[in-house]
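You will see two complexes here that share subunit A, one where it goes with subunit B and one where it goes with subunit C.
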Partner chain A sequence: MKLVRPVLLNLITWSLVLLISFPLLWMIVTSLKPQTELFRIPPTWVPETVTFEHYWRLLSETPFLRYFRNSVVLASTTTVFVVGLGTLGAYSLVRFRYRGRETLAMLVLFTYLLPSVVLIIPLYLMMVSLGLSNTLFSLILAHTTFALPYALWLLRSFMEGIPVDLENAALVDGASRMGAFRDVIFPQLLPGIISTALFTFILSWNEYLYALVLVNSDAVSPLTTGVMSMLISAFNIEWSLLMAASVMMSLPLIVVFAFLQSYLTSGFGAGGVKG
Partner chain B sequence: MTTLTTDPPRNGLSPLERAYARLGVVLITPTILVFLLVIVYPLLAALYLSVFQIYTPTLQGGFVGADNYIELLTGKAFWSSLRVTIVWTVGTLTLQIVAGVGIALLLHQNIWFRSLARSLVLFPYFLSTVVAVLVWKWLFNDLYGALNQGLMQLGIIDMPLDWLGSMPNAMIGVILVGAWKYFPFVVIAVLARLQTIPENLYEAARIDGAGPIARFWDVTLPQLRSILTVIILLRAIWDFKEFDLLYLLTGGGPVTSTQTLSLLVYQEAFGLNQMGQAAAYSVGMMLVMLVFMVLYIRQTKEKA
Partner chain C sequence: MANVIFKDVHKRFGSFVALEKLDLDIHDGEFVALLGPSGCGKSTTLRMLAGLEFPTSGEIRIGDRVINDLAPGKRDIAMVFQSYALYPHMTVGENIAYPLKKRGIKGKARAEAVQKAAELLQLEALLDRKPKQLSGGQQQRVALGRALVRDPQVFLLDEPLSNLDAKLRSYMRAELIELHARLGKTMVYVTHDQLEAMTMANRIAVMHGGRVQQFDTPDAIYNRPANRFVAGFIGTPPMNQIDGTAEGDHIVISGHRIPFNRADFVDSLADGPVVLGVRPEFVAIGSGDGLPATVRLAENTGHETIVTLELPDQTRISARVEAARKLDVGQKVALRFDPAAIHLFEASENGTRLNLDETPAAVIPMRAK
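Take a look at the complex of A and B:
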């Protein structure tokens, strides 16, 4: 009995975990199968032949690499912009006293919950009248609408976790506020900044609605709309090619998961879900 | 707190305090400017647009007063979409909470390769919705999809099911995919809370003769209550406004059976080209959401 219980528990847990990850497993399996093997009934659960032809075709015959580059530019610029602004803003919100500070903090929280579809129509009109539609810059601005409140909120909680005494000590020693920020706060905040940057990058990397509305030229499409257009425009859908695209599109995420996962979980604690 | 952040006396701020307040304002100014440009202005513009009739391709139109709101209140579109949104939100949220708490309890136990199991469970949450949708569309494929084939091999169904093209399957399908994609959020939040429940509470319950099920109801659940309230509110807000997943999986179809409010706004603005009416729908949607938002903000304030 003492031995049966843990084994049973492991069995149940792991079958559920495998069930949950099955779609992802299936994505990888499908991307490695030759096209002919895809339409076998019943399906081959383990591929009979493993091929990388779809990956090769994806990179050489489709605009995938261009979409990928657009996404990298879009997500990195958004991240740098938003985390830069957010760090200074959060420092101000947490460690300074002035009128309207509380109201501002509540406004940030409110915008953090705001639906994108409310903003999309005016933003679309704004980009058209500024002549910015169909540019990556319009997407960067649009991504700020959800990324900045998010980053501010996250950084604010990280900042609150840093003891005030450290900063006071530096001030007593004659440091200026910004000097204290650079030498005391910033090093302490760094894990929080990394965590926020990762979240922002992933949010921006995965965003679909703004890209759908603001960009309709293939040259500036990020991965989300680009890969979807490969599905819609295809006469007969090549699932293995799409699955290869899905795997490639998830690469940054896989890297983050493999090496930086602790930053993701620490961001969760800060992101407004503290119980 | 300490000297830095205590409230200064109402009158007679020291020069240093005044300088600090100025610096604080300077630091927040860029953020405020960006907020004004990309959030506050568009929000006001949405309100303004909602009393106009605007044809999207030409952006021509005129003032129509409350017409768009009268259409919202008396027409069928808004209310039927609201109903769909509520069905979707309640359905997927319930699954997320049940699966999330269940899996969190299991992953809290001492199982083999626990961190690997946690990573695998977490992954769907961070995945792009586009990827999730592509994978599930392939799984849902009528003829060759793994889901139909698997269920047929197991003998649960004898004919392939049409997953996304007919009702109620389409609604069940999107609710399932939504639950799969978003339940890890619940898992992470609950796991973090579980780790902070003092072991002696369980000891005491055990001494009182409580079995595992009684311990869950009497110790674990009350301890999880506050975090669950926050999770439910937050996820309700996010599920309510979800666009990508539903738009990409079913496009709101068949006909409008899975057309939530977000999709209605998009469809009205960029499918039917009625931008003013769409803005009015989006304002209506936001008013409904405001209830949850206020509840959540109040909850957050209470803890602060």
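Take a look at the complex of A and C:
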């Protein structure tokens, strides 16, 4: 009797894990199979011959590396913007008292609730009138507006957890406001900053819709739209190349995740409870 | 010279008046306690002195400098926060060194100062620990260490002992008294614990509702309270206050006439309603002639008994008697008050005291300055 519960629980958990990881595994396996083995029925679970030719082709014969570089620039710049602005904004929302502070915070959250499809046309028109259409920078701005509200709320709840007296102590001890921020607030806020940065980076790295609408030149396309338009046409999908590209696209996120996942979960926890 | 002067200081938060007409003149080297119930403005006073809050009007000086608009770091003060506010990511050593670091003191001078502060507070063994790994008392000492490492002109302490257990608190109280004697620095100490204020301070500012009610020595605060608030705040149990009527050289309470010496009181004392104040230790419980009362409660603390008595008009007062005294609940007794120990107050809510002050009613042991 006593055994039933844990066994059942384990069964459910592992089936879920399997369900979720199967596409990932299949993606890796497929990317390593030679073209001839791809569509064999029944499928081979373990490739008979392992080949890296798709990866080689992807890197040498396609603009994959350029898309990759665009994505890196896009996601990291967005992250820097969002974390920078978010930290300053959260600091102001938590530490200073002014009229309309709460309303401002609510408004910010409200923009987060609007679906991006609604915002995308006005945003596009704005970019055009700013002369920024078809640039990576327009995407950076778009992603920033997109990720900032949530980041602000996440950082705000982290900031609220830092006692005001810590900062006051630093001021009395002779620090300037900036100094107190750097010496005392920042180290306390670091877990929040890291999880916000991760969240933003992932969001920006995977974003598709804005990239599709705001940018249509191949030179500034990020991975999501670049790879899609390159490998998926109306007549043909280059499965093996697509799988190799997918693996390489996932790689940075997996690496980042592996190292920083404890921050990420703590961040989502804090945001969930208080935000 | 590091005297501290508050001159006609007002502080408002929006429309809420937190402090009204605050005038304090704290002498160089003095240990002053700000004492009062929660919300009376003690912390606000201290925070204005620290530069963490700014006065709405008035002037604050340290020495001969007006510091109203000076940043906290420029005031040459050190502060111990109620929550200690130790920097969690720094070790004890780094915490203590921080104020020096911010003032550009480097290398050997810094290390030596930290070492000296650590020795003074017996923290040498803990220098490499993080605040989280310390007990409450140790954290408190680190906070003190961070304050005194740099030899400021004025120390500000905001309820530094309130998070400690009773035993540690009395130990730290003694430590602080000794520290003050050794350093001879001006200290401003916020507390709502009258025992701390009475035992540690040279002078106490009793505050209530944003106003200083009395600023005087513990002796004066206890024996010559300025008004009904101070009388009712100081002492455990505090001074009894009984509504009565002055008639010639008697106070009439519930039809019972209590004689008093009119010459000991101000001329303006007229016949009519007054409040009679008497400390529990000057209430004599007997039988026969006296103010009739009923025993309602007798609490034996070991070395004395606190008796709660009910007067005919249902006012409850307390008396302090020796522990051996046997009194039964419900017992009818007669009370007499030592005429020399009688205080009279105006009958208004926070009426001023009407005694002329040549005769301190009692003497309690005092700390020499």
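What we mean here is this: the second predicted complex is superposed on the first by the 247 of 275 C-alpha atoms of A that agree within 3 Å, B and C clash if a C-alpha of one lies under 4 Å from a C-alpha of the other, contacts with A are read in each partner's own complex, and residues count from 1 in each chain.
Here is the rule we use: a residue touches a chain if its C-beta (ideal position, glycine included) is under 8 Å from a C-beta of that chain, and two chains touch if they have at least 3 such contacts.
All values derive from a computational prediction rather than experimental measurement.
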Which partner, subunit B or subunit C, touches more subunit A residues: B
Subunit B versus subunit C as contact partner of A:T145, first or second or both or neither: first
Touching partner for A:I41 - first (subunit B), second (subunit C), both, neither: first
Touched partner set for A:D165, first subunit B, second subunit C, both or neither: both
Partner chain in contact with A:L109 - subunit B first, subunit C second, else both or neither: first
Partner chain(s) touched by A:D183 [first = subunit B, second = subunit C, both, neither]: second
Subunit B versus subunit C as contact partner of A:V118, first or second or both or neither: first
Contacts of A:G192 with subunit B and subunit C, given as first, second, both or neither: neither
Set intersection of subunit A contacts, subunit C complex versus subunit B complex: 165, 168, 171
Partner subunit A, residues of subunit B touching it in the complex: 1-5, 7-8, 17, 20-21, 23-25, 27-28, 30-32, 34-35, 37-39, 41-43, 45-46, 49, 59, 103, 106-107, 109-112, 117, 119-124, 126-132, 134-139, 141, 143-144, 146, 149, 152-153, 180, 188-189, 192-193, 224, 226-228, 230-231, 234, 237, 240-241, 243-244, 247-248, 261-262, 265-266, 269-270, 275, 278-279, 282-283, 285-286, 289, 292-293, 296-297, 300, 303
Subunit B partner contacts - residues on subunit A that touch it in the complex: 6, 9-10, 12-14, 16-17, 20-21, 23-24, 26-27, 30, 38-39, 41-43, 85-86, 88-89, 91-98, 101, 104, 106-107, 109-111, 113-126, 128, 141-142, 144-145, 148-149, 152, 164-165, 167-168, 171, 177-178, 202, 205-206, 208-209, 213, 223-224, 227-228, 231, 239, 242-243, 245-246, 249-250, 253, 256-257, 261, 264-265, 268-269, 272-275
Of subunit A, residues touching subunit C in the complex: 163, 165-166, 168-176, 179, 183-184, 187-188
Touching residues on subunit C, where the partner in the complex is subunit A: 50-52, 71-73, 77-79, 81-83, 85, 87-89, 98-99, 102-103, 146
